[in-house]
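Below you'll find the structures, each written out as C-alpha cells.
Each of the next two complexes has subunit A plus one other chain: subunit B in the first, subunit C in the second.
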Partner chain A sequence: MIAEILVPGLAFGSLYGLVAMGFNVLHRPTNVVNFAQGELIMIGAMVMALSPIGRLPWGLAAAGAMAIVALVALVEERVAVTPVLRRSAHAAGWVITTLAFSLLLAEAAGRLWDDQPGAVAPPWPLSLDVHEVAGVRFSSYQVAVVGTAIAVVLLLGRLDRSRMGTALRAVAADRDGARLRGIDPTSLTRRSFLLGGALAGFTGVLAAPLLLASVTMGLGLLIKGFAALAVGGIGDNRGVLVAGWLLGTVEAAGAAYASPGSQSVVLFGAMLLILVIRPHGLRGLAVQRHV
Partner chain B sequence: MKELLTVTDLSSGYGAVPVVRSVDFTVHAGEVFAIVGGNGAGKTTLLSTVSGLLRPTAGSVRLAGTDVTGWAPERIVPLGLVHIPEGRRLFTGLTVAEHLRLGLWNVPGGRSVERARTERVVDLFPVLGERMDAYAEVLSGGEQQMLAIGQALMREPRVLLLDEPSIGLAPVIVRRVFAAVDRLRAEGLAVVLVEQRVGQALELADRGLVLRHGRVAATGTPAELADGSALRTAYLGAAAGRTTEEGR
Partner chain C sequence: MVTYRAGEVSRRGFLVGAGSMAALGLGAAACGSGGSGGGTGAVRIGWVEPKTGRLAAAYKPIYVGARLALEDIGKAGGMLGAAVRVDEHDDKGSPASQPAVAQRLIRDEPAFVVGPTGSSQVLASVSALARAKLVQSAWGGSERLGDGDQFPFHYQLVYNTTQQARAAARFLYEVRGLRRIGIIVENSEFGTSIRDAVTATLRDAYRAAPVAVEVFEVDAADMTPFVRNLERARVDGLGLFTGQPQATVLILRAMAATGFHPLIVSHDLNYIKALEEFPRPLLDKFHGTTYRGLTYTDGERPSERVRALVERINAHPDTAGLGYSAVTSPYYDYLMLMAQVVKETGSADPARLKAALDRIDGFEGTRAKVSFTAKRHSGIADADVTIGTLMSATEPQSMGGVLRRRADGA
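Right, the complex of A and B next:
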C-alpha cells in the first residue's frame, strides 16, 4: 500500500522542502522568515502557466520565471525588509511588512491573471504518465522533482561552505560584528534575496506541472513549507528536505487512506506530534550541532 | 613616524545622550596608543565612533589622510582599520579556519595569499594552528582573543583598535596577548588599546590619553600620565585628584 503513495508523497514533500529551503536562504543574513515566499512561488508557477514567457522552450521559460521572481524578491528586500532591519536588526516589524508585501503580490496577481488556473506540461522527455515497477507507482516527472530537490540541497551545501556562505553565517550570528570585519550585510541580504527569489521561482516552475498553477496556490505552499521548516529545523536544508518528504508522504497517506479532503489535517497533526516529541525539529537546531 | 589615525574634536553618544565630547588624538605607524579611564568614561563609545559603528555628532576621523567621518565600518575596514570589540564578538558556528578565511573578505588574492597570511597568524599564535577545525565558541578566552586578533591580521591592517583584550583572561594569557601586540607594533602596526588594566596598558603603550566623563583629561607618554593627577582622578574621583595635587 505504501508503495503507491511513496513517490507522489516524496515529490510533493520535495516541493515543501524547497519552499523551506527558500526560507532558509533568506533567513541566513536577515533572521527574517519571509511570509511572501508562497506568493513568490505562485508568480513563478503563473509565469510558466499563463504568461508569454511560459511558451518559450522550457529552459528559457524557467530561467525567465526565475529572473522575474528574483527581481520581485529584490523589490521586497528594498521596500519591506532592509528599511525595517536598518532601524533595528532585532525588531520584528518584518513580520507585518513581508505579510503586507505578500498580500500586495496576491492582489496584483489576481488582477493580472484573474482566478483562472493554468496547467503546465512537464519538460520533455519527462511526463506525468504513471508507471508501476514492483508495485511502486510513479511518474518520471515526480522522480525528477525528488532528484532536483536533492541537487538543490547539495548546491546550497556548497554555497554554505564557500566564503560567501561563511559570511552569511557570520551576518546571521552577529550583524554588527560582521560589519566590523568589512562585510556589508545589506549587500549580502540583497544577494540572498536574489538567490532566494530565484529559488522560489524555480520551486514555482517545478510545482506548476504537479499542482494546477493558480493565484491562490501560494498560501498552501507557504504553510506546508513552514511546517517543513519547523520540523526540519531553521537553517538545516537537509533537515527540511527530509521533513518535507515525511510530511508529503503523511499527507499522501491521509488522502489515500482517510478521506481525500483530510490530507491537510493529517499533515498538520503529524507536524504537531513531531514538534511535541522533538520541539527543535527532527535534527535539532543547526546551531546546536556545533556545541 | 607616519600619522595614520587622526581624531579631531570628536563627539558622539546614544540618542540625545552625549558620551564622547570633543576628543582629539593622533596615532602613528608602529605605535601603541592607550586609552584608559574608569567605567563609563566613554572608551568603548569612542572606539565604536572611530570604527564607524556609531555616527559622530561632531568632529572628524581621518585614516591615512582620508576623511572617513561617518563612514560605515564595512567601508572603513578595507582602508586598513580593524576594530576588535570588547568580548571579541566571534561568530558562533564558525571554525577557527573559517574565521581566518573571513578575515580576507573582499581582499584580492587567491589561495596563496590565504596560505601565507594564515601561516603568519599561526606563527604569532601557534595554538590556533592546532585548533583550526574547532568552533569559536568552544575555544578558551585566550584562544578567542588570539583568534580575534589573528582574524584582523589576515587583512594586514594599518590600524588596530583593541577594546579590552585582557578582559576575562588569566594573567599569563594577558602577557602572551600583549607580547603579540608588542611584536605587531615592531612590524609597523598602529594599535589603539583600550584597557582596564592601566598598569599593563601604560607599560606597553608609547603614548596615551586618560578619558573622564567622555573628555580627554590628560594626554602624553605613560610616564607623564602616571605622574599626573588625571589618572587617579579618572579612576578614584575628583577628591583623589585634588589630594594628589595638594600633596606635591
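Right, the complex of A and C next:
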C-alpha cells in the first residue's frame, strides 16, 4: 500500500509545492499573498486544453500559455497590487484586491468555457501509462512532474543568488530603504509578477494532464498550495516543495486508509499538527531581520 | 384640495400636488397589483439562472428548453391572450445568492417561477420563496423537494435521488444479476443522499448490502486509491454518483490504468471529448439513469414530439454541444404545463394555479408523464426512470448525441 500512495503523493504534492513557490515569487518583493494564484493556474491549464494554442507542439503551447498567464498577472499587478502598495507598503488592502481579481478571472472563465473537463496529453515521450517496478506503480509523466518541481526549486535558488535576487531581498526587507539605495521596487514587483504569472501558467500546464483542465480546478489548488506554503514556510522554496510532497502523500494515504469522506480532516489535521510542532515551517526558518 | 394660479404654480402647490399624485399612484398600485397574479396585462414569469460566476456557461444549455417553450407559448398567443413577461434574475449558481434573489422575485410578483438549478441552490430558494406562496419548479433531485407538505408551492419535474437509486440498484442487482455492488460518491448532500438511497434499496428490495462504499472530496486530485479499494473488494457493479464531470473522468482514468472495468451506473450521461482517451470496453460498461421517453431500442424510437424538440435543441446556439443536459432539463415541460394550467384556470393567480397543479394527472411531458397530488409533488413516475448507455451517444439514432439507447433489460 505504501508503494501505491508514494508516487501519486509525490506527483500531486509537487503540484502543490509549485503553487506555493508561485506564492513565494510574488510575496518576496511585495509581502502580498496572491489570492488569484489558483485562477492564474486554471487559465494556464485551460489555454492548453481548450484554446487553439493548445494544438501547437507542446513546447510552443506551454510557452504560449505561460506568456498569456504572465500578462494576466501583470495586469493584476497594475490594477490590484501596485495601487494598494503605493498608498502604503504595509496596508493589507491587497487581500481584497487580489481576491476581487480572482473573482474577475473566474467570471471571465465562466463566460468563456463550460464545466466540461479538458484532457491534455503529456508531451512526447512521456505518458500516463502505468508501469510497475518492485510493486511501485507509476507513470513516466508523474516522475517527470516530480523532477520538474525539483528543477524549478533549483532555478529559483539560482535566481535568489543573482543580482536581482539580492535586490528582491532588499525590497522585501525594507521597500523604502531599497528605493534610497537606487533599487526600483515597482519595476521589481512588475518583474516578479511576470515571473510568478509564468510559473502559475507552467503549473497549470503541468497539472492539466494529471488533474484535467476545468474552470473549477483553481480553488482546490489554491487551498492546497496555501497549505504547502504554511507548512513549508513563506519564502522557503525547498521547504514548500517538501511540504507539498508531505501533504500529497498524506492526502493519498487518507484516500486509501481513512474512513470514507474524511480525507480533508486527515489532510488538514496533519497540517495543523505540523504547524503546532514547527510554527515556522518544516525547515524552521524563522523570519529574521537585520537592523 | 389643490388650487392652481393661472400661469404659475406655487412651490407649496407643486409639492402638495406632487404628493397627491404620488399617493394616488401608490394607492392605484396597491389596489390593482397582484402583478401578473390577478391583474390584467402580461403574465409575469420569474426566472432564476446563473448569468455570472465560474459556471455561467455550463448552465446555459439547461435553460435552452425553457427558451424554446417561451417561443412555443408566444406562437400560441402567449398566456391569457397576452405575451408573457420574463423577469430574469442572476443567482450566480450559488446557494448564498438565493435569499436576495427570492426577495427580488417576491417584489416582482410573478405568476410562477422557473429555476434555480442545482440541489443546494434549490433547497435555499424554495425555503425563501415558500413564505411568498409562489409556484415554482427548479432542478433539484432531493426527495424532500417533491414533498407537498414540506414545500407546498414547489413542483418537481425531475426524478429524485431515491428514484434514481432504485433504478440503478434494480439494474445492477436484478437485471444484470450482479452481487458485489459498490458505491462511489462525492462528499456532498447529493452524494450522501444517493449513497443512502442505493444502500436502502439494496437492503429493502434485495436483502443485500454494498461490498464497498467510497466517498471522495469534490476537489480530490487522484481517484486511484478509491478505485483500488473498489477493485480489492472485487466490485462487479458500481453506482458512480457525482455532479462533477471532472471527477467522473478521473475515476474512469484510474479504472483504465488499473484495468478494473466493472459495470457502472452513473448520474450523468453527457458524452464529452475527454472520454475519448479511454478504452472502449470500459466505456461500453458505462450506463446512467435517464428518462424512458428520451431512449430508444432497436424496435422502438422516441416520439415525433421528442425528436422535433431535439432538432430544435441542437439548432439552438446556447446548447453548445451539451444537448443531453438540455433535453433532460425539466424546464420545457414545466413551462408547457404552466401554459396549459393558466389556460384551463383562466387565471395567473398563484393560489388558483397551485390548486390546478395539485390535480394534474398524466400531463404528457416530452421526457415523461407528469402527475401531482396535494401531497405528492414529485411528478415523475418510477416507471419512466430507466437506464441508458453512454456510448449510444455516438450512434446516429442519438440525434447528435442527445438521445440514448436503453440498456438491455432496463
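In this text, the second predicted complex is superposed on the first by the 280 of 291 C-alpha atoms of A that agree within 3 Å, B and C clash if a C-alpha of one lies under 4 Å from a C-alpha of the other, contacts with A are read in each partner's own complex, and residues count from 1 in each chain.
One rule holds for everything that comes next: a contact is a pair of C-beta atoms (placed from the backbone, for glycine too) under 8 Å apart; a residue touches a chain by one contact, two chains touch by 3 or more.
Predicted model, so just to flag it, every value in this text is computed and none were measured.
A.B. asks: Applying the document's definition of touch, where does A:A109 land relative to subunit B and subunit C: first, second, both, or neither?
C.D. replies: After superposition on chain A, A:A109 lies in contact with subunit C alone.
A.B. asks: Considering only the touch criterion stated at the top, classify A:A170 as touching first (subunit B), second (subunit C), both, or neither.
C.D. replies: first
A.B. asks: So, does A:R181 touch the first partner subunit B, the second partner subunit C, both, or neither?
C.D. replies: Once the two structures are laid over each other on A, A:R181 reaches subunit B alone.
A.B. asks: Touching A:E132, do we find subunit B (first), subunit C (second), both, or neither?
C.D. replies: After superposing on A, A:E132 lies clear of both subunit B and subunit C.
A.B. asks: State whether subunit B or subunit C is in contact with more residues of subunit A in the superposed arrangement.
C.D. replies: The larger set of subunit A residues in touch belongs to C.
A.B. asks: So which positions on subunit A get touched by both subunit B and subunit C?
C.D. replies: none
A.B. asks: Which of the residues in subunit A come into contact with subunit B in the complex?
C.D. replies: Of all residues in subunit A, those touching subunit B are 163, 166-167, 169-170, 173-174, 176-185, 286-287, 290-291.
A.B. asks: Taking the complex as given, what residues does subunit B use to touch subunit A?
C.D. replies: 51-53, 72-74, 77-78, 82-85, 89-94, 98, 101-106, 135, 137-138, 151, 155
A.B. asks: Would you mind writing out the residues of subunit A in touch with subunit C in their complex?
C.D. replies: Spelled out, the residues of subunit A in touch with subunit C are 4-5, 8, 12, 15, 106-107, 109-119, 121, 128-130, 139, 210-212, 214-217, 219-220, 223-224, 248, 251-252, 255-256, 260-261, 263-264.
A.B. asks: Within their complex, state which residues of subunit C touch subunit A.
C.D. replies: Of all residues in subunit C, those touching subunit A are 52-58, 60-61, 187, 213-217, 219-222, 224-226, 228-229, 244-246, 249-250, 253, 257-258, 270, 272-274, 276-277, 320, 322.
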